[in-house]
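In what follows, subunit A forms one complex with subunit B and a second complex with subunit C.
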Partner chain A sequence: MSDEVLRSDRPPESGATRTGEFKPTLQLGTDHDLCAGCGEPLALRTILESIEELGLAQRTIGVIGIGCYTALTSLMDLDLIQALHGRAPSLATGAKRMLPDRLFFTLQGDGDMANEGLQEVIHAAARGENITCVLLNNGVFGETGGHMTATTVLGQRTKNTLEGRDATQHGYPIQMVDLLAPLGGTAYAARGSVHDASGVVKTKVMMRRAFETQMRGEGFSIVEILTMCPTGWFVPTAKGPGYLNEVLGAVHVTGEWKRDGRLLRGAEPEAPNEAKERGAV
Partner chain B sequence: MSQRGHVVIDIERCKGCELCIPACPPQVLRMTGEHNRIGAHYPELLSGCTGCRACWLVCPDFCFEVWQFDEPGAPGARPGE
Partner chain C sequence: MSRRFMQGSEAIAEAAIAAGCRFFAGYPMTPFTELLEHFAAKLPAEGGVCVNAESELEAIGMAWGAVATGARAATGSTGQGLSLMQESISELVRAELPLVLFNLARGQGDYYQATRGGGHGDYRHLVLAPVDLTEAVQLTQLAFDRAECWRNPVLVYGDYLLAHTAEAVAIEPVAFDPLPSKDWAVDGSRSGSGSPRNLNPIGMVPGKKGIEPERFWKRLQAKHEAMAAAEARWEAESTDDAELLVVAFGSVARFTRFAVRELRAEGARVGHFRPVTLWPFPSEALAEAARGVKRVAVLEQNAGQMIDDVRLALEGRVKVVAIGGISSDDAGFGVGPMLEPERIRARVGAALAGREVQP
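Here is the complex of A and B:
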């Protein structure tokens, strides 16, 4: 490395190949109103790229929950249904039963899935509904100001647990993937994290496997993604990834929890060779 | 220094979160003291990019486009003027 500053306002004039476009093909633009350092747009990229790579763009319907991620729908070049808070798994159940050849995914937060709509997702999983639920877990009700949710970890400071979540007062966190993986109707369950480049790559592997599980008709799939919410956590944006990995990641353990109907409890998914070769992982 | 990769940075989209800085394995991204139109500091590129795409994977605001040189040190990877 030297301190020579290169022009970065334009591509190389010749002799180079573009290996990463600003945005996925299924993303309509790059402008969004989510906070600096938010992890949710990174999760969006893993979803859109997986759909594109599986050639399912024309056959996918997203069912969207309520949270900061709802604002990302304006970027998604997909058919979408807006659900009431927490109800996306039930809406996706009905729609999938009418249109069984489509790929259905829900996009929900921890407040949406683990608080507002906990029974919806549990029953959808237990019934083995052939849908994929995507949980963006930041441990707070981000959009409404950063309050405690059912997934907030012990000791975590939120707007209504200023001294940190205390089990004697606030109870214990619910680990969603751990809860859903053992159910008979669950075919695939994994938890990723977007705290670094390797985490994003692994999360995308999980997303693809979940969608493939659904397209093979094997049953319910869940991909939980740990996402940064520096605004809700009282943490500077640059410290968000470390906080996510060390504090939330210690309780919500990443890895594959169920694959091909077999319980794995946190196995590491293999990163694709291509990413390894480039040194991104 | 020979260039294996190159990034185009959309500095006007940048919100200054700094997530790309520690993500870059060869540490060729550095925050500038300049502000963009929304008042955020943004990164600049030093020589030695490998085109690994780590910055591209972690930027929540889709500010990076990544290029790989067919031959390392090809034209186009010029210092700023």
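Here is the complex of A and C:
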């Protein structure tokens, strides 16, 4: 094999060859409309596999925000409620109050949760609402074509911060997990990233812990997942994971921020093999 | 059933709970506040939940989530709060969810908001306007029934007088026909089945990529046309030989009806027409009631909103005059000096005599 084939900083010259097909049991198919290199389908997989592994499939209801991930609902073998942009935590609140023994998660983007719906996710956390909010943070409105959100990092170029996000013009990014973790009603808060395999595995550990926290009735849980959006960042597909880890990951630090009601501020979740011993993976 | 002396807010909350409402969320605002208070006090004992939402946006979001599980749920506010809810109301119509909404408004200035709405796209929902507490108790129960029958939100539109006036009232249960099963409600039972439910306002189907907006919206249009044909409700009095027909709705109609009855008793040829549903507006019934009259006088407590629907119903065949107008107390709660039986009578009398009425 030549060096050329092994380079990972740009897509292969020739079309990729499908060597196998895998999908989580709770996924209805493998075909989606999201961009090549998008991190959101990976994040979805961590959710679906965690539900399946916890044996909660017939008791789970998803409440979906509006962003690129909305198109993934056609793949989800789950009872769903589609919310308006920003409003998923309220819908999940009302539904959970009526069905307290079901598992409820919201699926929201940074535009959805940190911009349009910031007030309601804060209140849901403060109330200790027994739901899990999942934030897919790619630092842009991916769906509208790559515009600045409240989590866009300083210097990041978007379609409405062409010279890069400048604090004097556009203010500072909000770190959602850092913001929500200290609230009294928050029982579990963590930020993962799907930029590489180890990140995916750690994210899944977080997802399971959040769901377990909810099923024990301990209160609000938030899992933020950093996801690639090469299209919205205007970077080549193959550079997405690196950009995510180095640019967004430097500001939105991964790790567990609260567990069992204790503030940890960015602790590494225990290593996957340790978690495996405890039956988590 | 025994009657109790109750404020409107309490009677409406009790009627809703009697109809099976088990979830309410709201944010205080006069004159709606007491409705929230009564739900907060009464729902827990019935196994229900009342959430003090952080804003009206959250209130309607929470009620949306509750109703999506198949529970009977409601929210509400005063016109201002309903303004904030408009995006959700229009999308609840498209998600086909039977949420019941209450607007306990400051006067009658929200007629356009109630019947046209400020939400986006083509959407329609029933609007019920009770004249008094006894009717409010019935219409509140009807609202839950019709909402589920059509899988469509229903708005109950009252005002300060309805909410804050105490009357002796019985919470008589209304009997309704059986409703279709709620197999659309999400409870997680179809998760992992290969054919899950997706309650959404955009016409998405699980397992299918993309949407078919045109087909979806046309189906809703057909449903709303069927609702319009089936749901008009009204009350008509003394219309047979009337020369003047007075049209009014809600609490204000209680004053106009009283004045018309007095004038009738004195021999005046005056009739009364009250739409009970503001949408669908009972256009055909009004046209029928107005046959042979010389003049139709609309008395509403606003700058002139329902008068549009009256004119549309009559298609220029009869002269339509406005005899109401803006009238408020100093706090802006819509309890204006116009709402005096003597003044209302004077306005109706002027219309009978063919004199113009200054708003």
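Heads up, the rule we're going with is that the second predicted complex is superposed on the first by the 251 of 281 C-alpha atoms of A that agree within 3 Å, B and C clash if a C-alpha of one lies under 4 Å from a C-alpha of the other, contacts with A are read in each partner's own complex, and residues count from 1 in each chain.
The rule is simple: contacts are C-beta pairs under 8 Å (C-beta built on N, C-alpha and C of every residue); 3 or more make two chains touch, one makes a residue touch a chain.
This structure is a prediction, so every number in the text was calculated from the model and none was measured.
Asker: Is A:Ser74 contacted by the first partner subunit B, the second partner subunit C, both or neither?
Answerer: In the superposed model, A:Ser74 contacts subunit C only, not subunit B.
Asker: In the overlay, answer first, second, both or neither for which of subunit B and subunit C A:Lys96 touches.
Answerer: second
Asker: Just to be sure I read the superposition right, which of the two partners does A:Gly20 touch: subunit B = first, subunit C = second, or both, or neither?
Answerer: first
Asker: Applying the document's definition of touch, where does A:Asp31 land relative to subunit B and subunit C: first, second, both, or neither?
Answerer: So A:Asp31 meets both subunit B and subunit C here.
Asker: Is A:Ala197 contacted by the first partner subunit B, the second partner subunit C, both or neither?
Answerer: After superposing on A, A:Ala197 lies in contact with subunit B but is clear of subunit C.
Asker: Answer with first, second, both or neither: which of subunit B and subunit C does A:Leu84 touch in the superposed model?
Answerer: It touches subunit C, and subunit B stays clear.
Asker: If I apply the document's touch criterion, which positions on subunit A are contacted by subunit B in one structure and by subunit C in the other?
Answerer: Subunit A residues touching both partners: 31-32.
Asker: Can you check the complex and tell me which residues of subunit B touch subunit A?
Answerer: So the residues of subunit B touching subunit A come out as 1, 5-11, 13, 15-19, 21-23, 25-28, 40, 44-54, 56-58, 60-71, 74-81.
Asker: Mind listing the subunit C positions that touch subunit A in their complex?
Answerer: My answer: residues 22-23, 25, 49, 51, 53-55, 57-58, 60-69, 71, 73, 87-88, 91, 95, 186-194, 196-202, 204-210.
Asker: In the complex, go through subunit A and note every residue touching subunit C.
Answerer: For this pair, the touching residues of subunit A are 25-26, 28-29, 31-33, 51-52, 57-61, 63-64, 71, 73-74, 76-84, 87, 89-99, 102-103, 119-120, 123.
Asker: Please name which positions on subunit A make contact with subunit B in the complex.
Answerer: 1-23, 27, 30-32, 34-42, 45, 194, 196-197, 200-201, 230, 237-238, 240-241, 275, 278-280
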